[in-house]
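One structure, as structure tokens, below. Some questions next.
Per-chain residue numbering starts at 1, and chain names A, B, C and D are given in the order in which the chains are listed.
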Amino acid sequence: MQLANDAAKSSGYVPGQPDMWAFVIFESFLFTGYFVVYMVCRTQSPELYLQSQAELSLRIGTFNTLVLLTSSWSVARCVQAAREGAFQSALKQAYLTMGFGFVFLVSKVSEWAQEIQKGFGFSTNEFFSFYYFLTAIHFLHLLIGFIVLGVVVYQLRSPARRSLELVETGATYWHTIDFLWVIIFSLLYVMR
Amino acid sequence: MNASFENRLLVVWLALCAVTIVSLIVGSLDGRVAHGTNAAITTSAIGIAVVKVRIIFREFMEVRHAPILLRRLTDAWVLVTATSLLGTYFAGLAFSMG
Amino acid sequence: MSAAVTVPDAPTGSLWHRIVWHWRHDPKRELWFAWWMMVIFYNLYGLLFFVVTRVQPPPDPAWDVATVVEWFADHHHGVLAGFGIVFVITGFIVPTNALLAYSMRRMSVSRAFAYAYLVIYSLSAVPGMLLTCIALTAGAMRPDRDPELIHWLYDFAFMAFDGTMGVFLIGSLVWMAAILLDRNRVFPKWFGYLNLCNALTEVVVAPAWIFKRGAFAWDGEIAWWINMVVFVIYTTVFITLLRQMIVREDFGTGPLPELAPKEATAAEEGAEAPSGLMGTAR
Amino acid sequence: MRRTDGELILLGTLPVVGLIWLSAFLLFPGFVHPMSPTMSLDEIAAFYRDPQNVSRIRYSMILFNWFGVGLIPVLTLIVMQVRRMAHRTPIFSYSLLACAAGGPTLFLVANLFWLLAAYRPERDPVLIQMFNDLAWVTFTSQVPYLIAQSVLLALAIYLDRQARPVFDRWVAHFNLLIAAALVPAAFVGLALGGVLAWDGLLSFWVKNVAIGLWVVVMGLVLRQAIVRERVDKEVVA
């Protein structure tokens, strides 16, 4: 495996199914579409967006980002361990990834709960419509991500399966959740 | 090989976290009370995000070893997203001033 | 069924001759029939909804009653005649559903996927299209109706059109699962993932029930325009892939043969060698 | 070997369902002399408020509600026969199965609007008129699955190339004829009077007679095909 891997590297090596990359690119451009619509709407009434944005907690947003970055790191280590045949360690990293994903999930839900308690719902104003829309569609990708990680764990657990390709494919999906969030974070929490 | 790769991932993770903290600081620069547009904050926020995304692509997702097509495609997405976001932002600014 | 199927070479004469030849001799005629119905009727729907009736792209949900009444007056003849044609042809979409179900039947997965898809897509046209057309017909046929009721019919029509996401959501997910599990290589895996993209756009349309203006309303940039782009890409892709599936079909139960290079470039479908017709038993 | 037990019993429900349909049709006060689309608001309100009419509307529509989908078992029997045809793929049987679901569903939608109109006839006449319109438009124009069903069945028969086809060729021609007879009804919205209106010659009489004729003829043809299949089976066994 390692040998093939090295040989492939010189000519270019795609981790996992190239098919998943088609999904990643397509979905990324789709999100760019959503982001641009958000930015265009934002230019129509910047004050409203700025005032509403101040109701979000930048700290929670940063915490979310750090958690997802860490989950990305552990899934990358999971792939690395699986490549080297250290399946126990790979499995541990996969569970760790799930764990960080779960922390993100809980923190996102509690953030929504706080905002709703403060009286900011989906249809309160345009900013909050976009806030709930972008975070929710991202959240949906996260939920699908748990299914994907489930497939990764399922592969790693039995010596009979252990398809490295599927492990890498799952990791590619999980990183997508991460990098999409990075942009969402900058657009909803940080920019002015 | 093993250890070096492990170290590389660690460094990448640390760098990403550090940059995230920078955006936290940048985002707090105006004390979050001014409620004013701030092109400098916006530019650095989107700039930092784009850099982070590219690092995730190159390192975590191993695009740096990938065929040229995939490298180009991911870079194209990063570029298109950055320019369209900043483009709309500055066009909006210019429009509201003019 | 005879054991040896001998197929004469496809003629190269006029279009009509070729159609007749395929009708008589092509062992894949049922599949090609369904495929052509799909191509013809998707185009006809586009024509009818965008050009003849001009009810798509959708009008604004934020309009007041008077504007809506005016809109109906503007679209009177187009709606009544155009939807008449829609009512005549809608049923001919069912071979498409049959072909999609057939693609899953050809996979290495349970028949349950094919049957579930067939049922879901068969009922999809009733709320998603026919109710819309019925409501708009009722709205257009009596311009002197109470304007408030015309407004209600307008909402009914466009909410029925946009607001019935579940059939396409579940349908795409069923197809996705079948493709990802399939070992017969009927479709490339990336198309399985594209089904997920399409399914997610059905989630995105749901806010149309909540918003009367903006990006999430039924005519919004996100709920309509971006989704329509995805839908058009998705449809184009599956029409192309289904065509390739038919070309590759060997009527066996094992993996579907790859597209031979000459078949990939040959313009005429169904002209492949007769040796490929008898299925290779597993 | 295909299992055929019970098919004749399913087919035996057809005359019963047909009889119930016919009586419900006659019971509904607006069918034998079909209601005109040009009735004024007051006339429509009076029609639904007439105590004798309103109970006839309700009971006839409840009957249709019970037995509206009664044709589906028989349509499924047609699908079973199509599966016996000399086709390579189940495209036609899948298509006909899908059609079998579509037609009755749309009929139930029309049925619902009529029942709603009759539920509170004291409602504002404009509302009664709207429910009445929706019911009639749905009832009359919703022929898409019936048309497709006939045309697809005809094509399936034409492609059934074997020494003894399941259905004779004339059944295919007959189905195309029926499909053609149903087409004008789709354009019911175009006119409130004349042959195209929902009480007109083409949209009402030609369409409904065609449906009735189709049910009767297909019932007979189906019976013949099923019986012949059973005889063939016994010979083999």
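By definition in this document, a residue touches a chain if its C-beta (ideal position, glycine included) is under 8 Å from a C-beta of that chain, and two chains touch if they have at least 3 such contacts.
Everything numeric in this text was worked out from a predicted model, so none of it was measured.
Visitor: Give the fewest steps needed to get from chain B to chain D, where each step moves from one chain to a chain it touches.
Guide: Minimal hop count between chain B and chain D: 3.
Visitor: With one step meaning two chains touch, work out the least steps from chain A to chain D.
Guide: The distance in steps between these two chains is 2.
Visitor: Among all chains, whose Cα centre is located farthest from the one for chain B?
Guide: With centres defined by C-alpha atoms, farthest from chain B sits D.
Visitor: Tell me which of C-D and A-C has more C-beta pairs in contact.
Guide: Pair with the higher count of C-beta contacts: C-D.
Visitor: Counting only Cα atoms for the centres, state how far chain B is from chain C in Å.
Guide: Whole-Å distance between the two chain centres: 39.
Visitor: If you average the CA atoms of chain C and of chain D, how far apart do the two points sit, in angstrom?
Guide: Taking the mean C-alpha position of each chain, the two centres sit 25 Å apart.
Visitor: So what's the Cα centroid distance for chain A and chain C, whole Å?
Guide: 32
Visitor: Let me have the rounded angstrom distance from the C-alpha centre of chain A over to the C-alpha centre of chain B, please.
Guide: Centre separation, chain A to chain B: 15 Å.
Visitor: Based on which chains are in contact, what kind of graph results: line, ring, star, complete or other?
Guide: Topology of the interface graph: linear, an open chain of contacts.
Visitor: I'd like to see which chains touch which, written out pair by pair.
Guide: Pairs satisfying the touch definition: A-B, A-C, C-D.
Visitor: Given the complex with chain A, which residues does chain C contribute to the contact?
Guide: 188-190, 192-194, 196-197, 200-201, 203-204, 207, 210-211, 214-216, 221-222, 226, 229-230
Visitor: Which residues of chain A touch chain C once you look at their complex with the stated criterion?
Guide: These residues of chain A touch chain C: 17-20, 22-23, 26-27, 30, 33-34, 37-38, 40-41, 122-123, 126, 129-130, 133, 137, 140-141, 144.
Visitor: Help me check something: in the complex, which residues belonging to chain C touch chain D?
Guide: Result: residues 1, 27-31, 33-34, 79-81, 83-92, 94-95, 97-99, 101-102, 105, 118-119, 121-123, 125-126, 130-131, 134-135, 137-138, 140-142, 145-146, 149, 153, 251 of chain C touch chain D.
Visitor: Show which residues of chain B lie in contact with chain A when the two form their complex.
Guide: 2, 5-6, 9-10, 12-13, 16-17, 20-21, 23-24, 26-28, 30, 32-33, 35-39, 41-42, 45-46, 48-50, 52-53, 56-57, 59-62, 65-68, 70, 73-74, 77, 80-81, 84-85, 88-89, 91-93, 95-96
Visitor: Looking at the complex, which residues from chain A come into contact with chain B?
Guide: Spelled out, the residues of chain A in touch with chain B are 9, 11-15, 21, 25, 28-29, 32, 35-36, 39-40, 42-44, 46-47, 50-51, 54, 58-59, 62, 65-66, 69-70, 72-73, 75-77, 80, 84, 171-172, 175, 178-179, 182-183, 185-187, 189-192.
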